[in-house]
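You will see two complexes here that share subunit A, one where it goes with subunit B and one where it goes with subunit C.
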Partner chain A sequence: MVVFALFIISKSGGLIYNREFHTGLNKLSSNDLLMVAGSFHGMHEITKQLCPNPPPPTIPSNTAPTPFAARATGLEVLETSQFRMQCFQTLTGVKFLLFTEPQQPNIDTILKKIYELYADFVMKNPFYTVEMPVRCEKFDRGLDGFVKVRG
Partner chain B sequence: MVLYSFYIFDRHTECIYSRRWTPARPTSSSSKARPQSEGSIASNGDNSTQQARKHTDDEKLIFGLVFSLRNMVQKLGGEDDTFLSYRTTEYKLHYYETPTRMKFVMLTDTKQNNLRPYLHQIWANLYVEYVVKNPLAPVEHPGGIGVANEMFERGLETFFVAVLPA
Partner chain C sequence: MSSSSTPGPGLRYPSNKKTIYDRNLNRTKNAELSRAAFAYLFIEMISYAQRGAKDVGDLEQRLNNQGYPLGVRLLDLLLTRSANPLSSIRPTRILPLLQFIAQQLYRHLFGRPADALERSGSDAAQYMIFDNEPMVNTYISLPRELSSLNCAAFVAGIIEGVCDGAGFPTEGVSAHSVGEQEAEAAGAEGKKGAAMWPGKTVFLIKFKKEVLEREEILARGTSG
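Here is the complex of A and B:
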């Protein structure tokens, strides 16, 4: 199993974390990485709008919008000839992008586990400000342990 | 298998053929998504022109989207990497690009495997045969001239019925 890289994109489209586990993707400068993250944020929004048959709106319009109602999700899996990208968006709009080999099974569980690590070591870190780049040693070590042990 | 729509884009970013099998969208969601200046006036009267405008909007959106996804994929995976498809919870978009930069895009339900071989077949067996080799069709197809001829349409029809997995 090969996991190439992990990106975390904040709800406003900024790249707040990126980590390369395995060579295989092109080396990009940090400027290019920020651009890729930003444009992906926009593309993700467009894929939401392109939904060919939207589910009928069942919620009456006078109730407040709830994040738990069924709504169109954007891009989830992107397949190319050399890698596969899985996108997991949390209810608060943070996106986790995991780049793996094309034939990688069980990416869902890997992403769930990474989300757990993020919740434990980043969100519960009192020195972390939201929307800012993630610099938490424990998160790094947790990821290393998890991804490399499985690798 | 559920087919939602099928598009062909030429190398000048123009949509030269499109076909949809989906019912009209509810107007409320689309007007929220893309505010139109004259939308409120036109909402009652000419539904057909509004629908047509939405179709061309969708074509432009899809072109812009696959174009940027393709660029992003090439940036990350290298020059020889190709974008194949993406999936959301509602639909799946399949993509095939010919060496001449023509783009074939198909939207289906999410259960499909990669349809790239089928898109290649549409290009090789239908587009090349009935559009490129047609002596009456122009070399370029501004506004889709010469693409939607009878043979091509009929070929597509039988292709979708016979070849695509049911």
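Here is the complex of A and C:
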């Protein structure tokens, strides 16, 4: 099983992180990468508008109301014969795009773990500014440790 | 003065060790604090220190100053709390003091002892405490322009406070990253697993001259 690459797209649609784990995808110029990220962001926003109203969430009466309104998720999976792209959007609007082989199992768990690493080593890093490109050595190392060990 | 049986006005002092000086406020079985909460707090401390800091050295000094009062207080607190009445006397010699820092203080702060304790070969006044993976640096990746910064300067400040509070004035305690040097050294020797501890940090403690003089006199006193 192969995980090809990871993109992180900021809330405003900028590509803030891209990382290739296994060769397999064609190399794109950095300009094209930005364009892919931008177009996906736009498409994601539109598909969100497109889908019907989600049903109101059924919250058990004994829990506190959640501040997050139920939202349509937008585009989540893109699949081709060669790869599968899964998108995971956090509550704050950051998108993680994971490019894998089409048969890759457990993508949800992988994305969840990557989100965890992001929360730890990017968001808890005093020298990271939100919406800016991610340059955190420990995040890279954590991803390597996690993805390559699984791969 | 009121006797102990009829508590008068003022501070009541229970004899069964139940004041906040004797135990943590958090008395659950494993009294642990949230690491994430600390991380976010530490972020704010660093950005507070960064405001108006001229350079990396200045920034480290500011972090050091934030840790210093903590050290002074922790020394008293840990000594008061120690169960053994003999060990609740403050350390009077250098080695017991350093042991106290590497063991009790480290255990209290980070839940484990420090990784190594050494005396500098070149300078008799210099001692080194090693920490393979400082807890305060767990989530911190340094940007290139600040690559010489080590945020464990905060811990160095705590250590400095303990030394000063115990009556061992220092020229300063500083934190240095040594993980990379070690990796290079290991790489030169052709060893594998060079970057075993990439965040390895050494705390350099340099005592003032008078501390060493006193130490010498005390050593003479015990041996002769």
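Rule of thumb we're sticking to: the second predicted complex is superposed on the first by the 135 of 151 C-alpha atoms of A that agree within 3 Å, B and C clash if a C-alpha of one lies under 4 Å from a C-alpha of the other, contacts with A are read in each partner's own complex, and residues count from 1 in each chain.
Going forward, a residue touches a chain if its C-beta (ideal position, glycine included) is under 8 Å from a C-beta of that chain, and two chains touch if they have at least 3 such contacts.
All figures in this text were calculated on a predicted structure; none of them were measured in a lab.
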Fit or clash - subunit C, subunit B, common subunit A: fit
Go through the superposed model and pick first if A:Met43 touches only subunit B, second if only subunit C, both, or neither. first
With the two complexes superposed on chain A, say which partner A:Glu79 touches: subunit B (first), subunit C (second), both, or neither. first
In the overlaid three-chain picture, which partner chain does A:Lys138 touch, first (subunit B) or second (subunit C), both, or neither? second
In the superposed arrangement, does A:Lys124 touch subunit B (first), subunit C (second), both or neither? second
Once chain A of both complexes is superposed, is A:Leu25 in touch with subunit B (first), subunit C (second), both, or neither? first
Closest Cα approach between subunit B and subunit C after superposing, in Å? 31
Residues of subunit C defined as touching subunit A within the complex: 36, 39-40, 42-43, 46-47, 139-143, 146, 151, 198
Contacting residues of subunit B [partner subunit A, same complex]: 4-5, 20, 22-23, 25-26, 28-29, 33-34, 58, 61-62, 64-65, 68-69, 72-73, 75-78, 80-91, 93, 107, 114
Along subunit A, where are the residues that touch subunit B in the complex? 25-26, 28, 32, 36, 39-40, 42-43, 46-54, 56-57, 72-83, 99
Give the list of subunit A residues in touch with subunit C in this complex. 120-121, 124-128, 135-139, 141
